[in-house]
Amino acid sequence: MTRRDDGREDNELRPVRITRGFTNYPAGSVLVEFGQTRVLCTASIDEGVPRWREGSGQGWLTAEYAMLPSATHTRSGRESVRGKLGGRTQEISRLVGRSLRACIDLGAIGSRTVTVDCDVIQADGGTRTAAITGAYVALHDAMTYLGAADALVDPKPLSCAIAAVSVGVVDGRVRLDLPYEEDSRAEVDLNVVATDVGTLVEVQGTGEGATFPRSTLDKLIDLALEGCEQLFVVQNEALAAPYPGELPKPDPTAPKRKSFGSK
Amino acid sequence: MTRRDDGREDNELRPVRITRGFTNYPAGSVLVEFGQTRVLCTASIDEGVPRWREGSGQGWLTAEYAMLPSATHTRSGRESVRGKLGGRTQEISRLVGRSLRACIDLGAIGSRTVTVDCDVIQADGGTRTAAITGAYVALHDAMTYLGAADALVDPKPLSCAIAAVSVGVVDGRVRLDLPYEEDSRAEVDLNVVATDVGTLVEVQGTGEGATFPRSTLDKLIDLALEGCEQLFVVQNEALAAPYPGELPKPDPTAPKRKSFGSK
Amino acid sequence: MTRRDDGREDNELRPVRITRGFTNYPAGSVLVEFGQTRVLCTASIDEGVPRWREGSGQGWLTAEYAMLPSATHTRSGRESVRGKLGGRTQEISRLVGRSLRACIDLGAIGSRTVTVDCDVIQADGGTRTAAITGAYVALHDAMTYLGAADALVDPKPLSCAIAAVSVGVVDGRVRLDLPYEEDSRAEVDLNVVATDVGTLVEVQGTGEGATFPRSTLDKLIDLALEGCEQLFVVQNEALAAPYPGELPKPDPTAPKRKSFGSK
Amino acid sequence: MTRRDDGREDNELRPVRITRGFTNYPAGSVLVEFGQTRVLCTASIDEGVPRWREGSGQGWLTAEYAMLPSATHTRSGRESVRGKLGGRTQEISRLVGRSLRACIDLGAIGSRTVTVDCDVIQADGGTRTAAITGAYVALHDAMTYLGAADALVDPKPLSCAIAAVSVGVVDGRVRLDLPYEEDSRAEVDLNVVATDVGTLVEVQGTGEGATFPRSTLDKLIDLALEGCEQLFVVQNEALAAPYPGELPKPDPTAPKRKSFGSK
Amino acid sequence: MTRRDDGREDNELRPVRITRGFTNYPAGSVLVEFGQTRVLCTASIDEGVPRWREGSGQGWLTAEYAMLPSATHTRSGRESVRGKLGGRTQEISRLVGRSLRACIDLGAIGSRTVTVDCDVIQADGGTRTAAITGAYVALHDAMTYLGAADALVDPKPLSCAIAAVSVGVVDGRVRLDLPYEEDSRAEVDLNVVATDVGTLVEVQGTGEGATFPRSTLDKLIDLALEGCEQLFVVQNEALAAPYPGELPKPDPTAPKRKSFGSK
Amino acid sequence: MTRRDDGREDNELRPVRITRGFTNYPAGSVLVEFGQTRVLCTASIDEGVPRWREGSGQGWLTAEYAMLPSATHTRSGRESVRGKLGGRTQEISRLVGRSLRACIDLGAIGSRTVTVDCDVIQADGGTRTAAITGAYVALHDAMTYLGAADALVDPKPLSCAIAAVSVGVVDGRVRLDLPYEEDSRAEVDLNVVATDVGTLVEVQGTGEGATFPRSTLDKLIDLALEGCEQLFVVQNEALAAPYPGELPKPDPTAPKRKSFGSK
């Protein structure tokens, strides 16, 4: 079997690293790396929910994905300067939010909003799947933080772990975790978001200027689920260490804290 | 087996109607109806391509999806008034464009741009899949128009037909072509874009506040492909009639025409 | 006397058709056609009024006019994509709103807002006057709907009918209801909005790269009023049929309904 | 006959003053005052025309109208801060541009663009009509400037003078040149743009929450034309003095100047 | 010593004129002229404060600076048309606001907002410093107005006068109050905002494509403070005359007035 | 003497760290840390210059500063989502650009544009001064990169080093390098940009709700220049190591490379 340009087997992930507590202010702050792809994922908590959700007794979780201009091989324009969000940015932001809402019990966090920010520091393919994988860990830390503050309605607001990986057909071969060089010439590209209890959250597959048979789809999903299994192991190892910062102490006499975004 | 609220079987499409030549100016203009969902799909052709594509000798195809404010059960705000495109609008526009680019040989249309507009007149679920299904027919008419003008590099620029349908899990049952009432309470929602040569173009599946096992995904895709087969029949029947308008006559001595958007 | 290109006399309208109930969700939904010009006019009703009108005990009526990109001979750009409304769009939206507010007693509808949407499906001159003429019928249906729901303070909120028509000087001749081909080369262009009780609502006349004597203005207004008389007949005929949909039943014990935009 | 609140007869203009050379850099710069209404009207000339007009051999004239935030009785928001132009602003800008294009031979100014800016310093009703009346004088000065530079194709590019005035029905009386206090409670409001050769350029009449008979329209136009006659006298008197600044000297050997906006 | 192009000594201001009551509606309205630079500075007062300041018991002061398109030698684009504020505009607006907040006791004006508008009518260098110098006088008049209405918590809300001037190094010489011609070729450019009690409010110095020694900075600040002393004299002379308009009479039985922007 | 909250002397910098090659694609990529403040500074090079600079034979340098939403103690809104740049962001972007243009010979880099991006990862006061200090190092690396590619007109395009630091008066004491906690309650705040040849580039001092005597300004500048001396040492140490990545090899026969943003 021919190795890939970076020496990996077809079914091998790039080296995955998860660094908790990468920055200090958000309740959860994680740098996730899939090879050269690096994404800073943070989870901040604010009191209150969007207007359309008020009175539901439920919290909310929303996500924003963005790319630093210097993150790409050739510098890309800054969306804040252009004054509007690109379609790709909004599409991925929505995907990250939906994916994480699949694992959280929004009734458990009270009338609060979790904002997940995924800012791509360096992009080498698979930024959206790395973002989801890292964001789950940041979300986990934020829940630990809320729990320590005695601010959770239910002590276990997360029902499962969430991870995501890209797979694709490159040079006629079904491959896991495509870097930019492979992604840009893939015939088929599939992103899978899965849970550690064996179910699927999102499946998004696209023929890039080509179409693909049902049998290829099946192989791609098999491989993606294999990849997610490995990611759950990395997440678990990262979460084995204690919370990377100072946890609040519950104080039943204190007035309700307004924001959990800073420590 | 229990019938659905509208009397259909689980694996039954809503009545699908395709009206060609619905408006007069675009080279292709189709009203597509999936039950109460109605989308006006047009294909307009302009000379020239976007700047980043200049010099490639290839044409381009782009799509824009939008919803009339009065199309929804409760009137929705107008994006032009708000001054920005919503994420959903951009996401679907990109999906429609990618789906149609899977069937067209962009080298065959010369240095021209096809703009596909999908404007939803009435929305009752499945607007994006209806849009793709109708847009293919509008694109087909636009190619006929270009061919009559002797403006095609290759006389057969479309390699296959494209259709799309939504499937989902509602009340625990796998169902085809969800209307709004089912879509809004579906546990899983999947949109499939397929070709009439048996391959897939796009697969987008989402657990709506839930996750789903691999076996459900398989059943959903089976049912969607069945649905697409029926849609290809409807498309073929619609395209059996002659071009709904006056076709241009080729004139080798004439200067190149600037635009094929009007007749 | 020389006939016009489309065979009409100078003082003849194009064939005018009014189709009520063209779509199903708004309280009033009308497709109006002046020859090849086709505009979808809807009237949706929401509880509440704009902030500046709160506490007045009066309702409000506002209008939004827009053109589908595919409606013109050559495809025009989408204003939502450009991120701003053109001056012409806003000008016509304001005109439609003012015109309809001339016939409605806003005290009669309670603290509600009627939003009139005029979306041009196909443009062949006179879109703003067709829009006003059709919007009146949609507004009439919306009032019928409100009346059936027992939601009117005064059972007859409309004091008169409103219609509009364009007139102009083309080839030195005073002509009624200009199609695009005449409009684009007219020396003078006048839009008149009138009531069926013989009064004027709006008069907007412009010399297009030319100026015009007072006597021409007089002739143009005479002809426009003649045209409006014919439009009132068409409106009346259209409104002779019963409400095209299911009317709500008044229920004095029910809590006030939040929205009348859907049926 | 009862006098108006400000002591005027019904058919009397407010004191009208025209100050040429109010600022120094534009080729034409005029402060026009209709009573308390004050508008700075400037005409700047740049080489080149908008892209859609290139190659026509014709020049172009465009206008922009705006209101200073402090110009109104109660401070109004700044459109540049809100990030979008209001409908009223665009509507008046378009009106001013159309009105002035009625008097200028755009072929005579070569491939140049005249930009007319009308900035309202203080608003007390009739700002659009004051703007047009003052802008004509600024345009006249700009043409004198171009002529002195030997830059005109035809030495007399203006075919007539242009002035505008508002009329309305207030307290049941037909009145000329309404100040804000009358304008805000007028039943009918009409703006007329006319030429000094006895023809009309624009007529825009609106029933404000009311409709009006044809006979009222006739009386309003009679009175407006009377008012314009007086305005032409004021314009002529203002233009009797020499150009308020230094005129360029023609220099046939010099390269074409890029801009006539500064002196 | 060589004179400057306009005949001034290096340490001489341009003729400075301050005209109070330039327009009639704002509580303070001042035209300030530094030679050919002319800025209209107004101070309007509204009841209420921004949301983030509510409940503080303190008022607020904010400023907006803008340039008329015709104010510059070559016409500049209109920011409202472009749909966004330039960086320079925002930077100067913030500077003017900060500068004036240094002299006002915001607790003394109650829960009100002062909006200072500085609109440049003609620009010949030093517009931001002229704006601050004039705005102080407009603010002073607005406080007189509030005092007359018996609406001040503390009768003396202004602790000192504020003025500003530009200095720079041109042709190797340290010069005061640079006109555009000098400013555009200055090697160093410094704006100083000072109080009449001998202290500094803002110092902003920039090497324009060059850097400068500490000793130059010292000379520049010395000269700027000298210039400010002269400006305080001009401000005082202007403020020696009575309030240019009608002052309100206090009426303890009247309900609180909503706005002090109009008289 | 009382120590500061973080144990520092009044004239002591926070620990400053400069990490070159923090990301891989830009020609220069530096993480700069002033205590808890961390800014990613990159310098990317593109062929070509802005339109207004074309034909000058000179290159251009521009800068963009931004803050990640999660960088602040309490999460701040994303400017790309709001659709416009805040005034502070633009002000700092302009400052960084001006500061770096003071040290570069833009004629030496040919017709190219250097874009400096300063993205704040974590904000604890002094982000703009940290950004300038780090950006100089990134710019230095980018020049090394261009030199290796044999793409410099002059082998030494940088005439000096640039660093910046904040100083302020806190609790009545003149202090160096303020963290957020001190900055937020400082009475005076001054940012100084200086060169390693003893000159000043920018001086921006503000009384925060207070004014300050000339003598305080002098002390602040003295202290800031002291601080900059220490920063030049840190920059030099960081730049003593070789270029952190692979340098291009000059190839005289190769066509000119389009972009130096990626390696």
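By written order: A, B, C, D, E and F. Residues from 1 in each chain.
Going forward, contacts are C-beta pairs under 8 Å (C-beta built on N, C-alpha and C of every residue); 3 or more make two chains touch, one makes a residue touch a chain.
All values derive from a computational prediction rather than experimental measurement.
Visitor: Please state, in steps, how far chain F lies from chain C along the shortest route of touching chains.
Guide: Each step joins two touching chains, and the minimum needed here is 3.
Visitor: According to the touch definition, list the chains common to the neighbour sets of chain B and chain D.
Guide: Chains in contact with chain B as well as chain D: C.
Visitor: Between the options A-B, A-F or B-C, which interface matches C-D on more than half of its contact pairs by residue number?
Guide: A-B
Visitor: Round to the nearest whole Å and give the separation of the Cα centres of chain A and chain E.
Guide: Their C-alpha centroids are separated by 50 Å.
Visitor: Report the inter-chain centroid distance for chain A and chain D in whole angstrom, where each centroid is the mean of the CA atoms.
Guide: Centres of chain A and chain D (C-alpha means) sit 59 Å apart.
Visitor: If you average the Cα atoms of chain D and of chain E to get two centres, how far apart are those centres in Å?
Guide: Computed from C-alpha means, the inter-chain centre distance equals 31 Å.
Visitor: Going by the contact rule already set, what residues in chain E reach two or more other chains?
Guide: Counting only residues that touch two or more other chains, chain E contributes 83-85.
Visitor: Once you draw an edge for every pair of touching chains, what topology comes out, line, ring, star, complete or other?
Guide: ring
Visitor: Round the ring, from chain A on through chain F, what is the full list of chains in order?
Guide: Here the ring order, chain A leading and chain F following, is A, F, E, D, C, B.
Visitor: Please name which positions on chain B make contact with chain C in the complex.
Guide: 23-26, 29, 36, 38, 40, 42, 44, 46, 64, 66, 68-75, 78-81, 83-85, 89, 115, 117, 119, 121-122, 259, 261-262
Visitor: State the interface residues of chain C toward chain D in the complex, per the touch definition above.
Guide: 84-88, 90-91, 93-94, 98, 101-102, 160, 190, 195, 197-207, 209-214, 217-218, 221, 225
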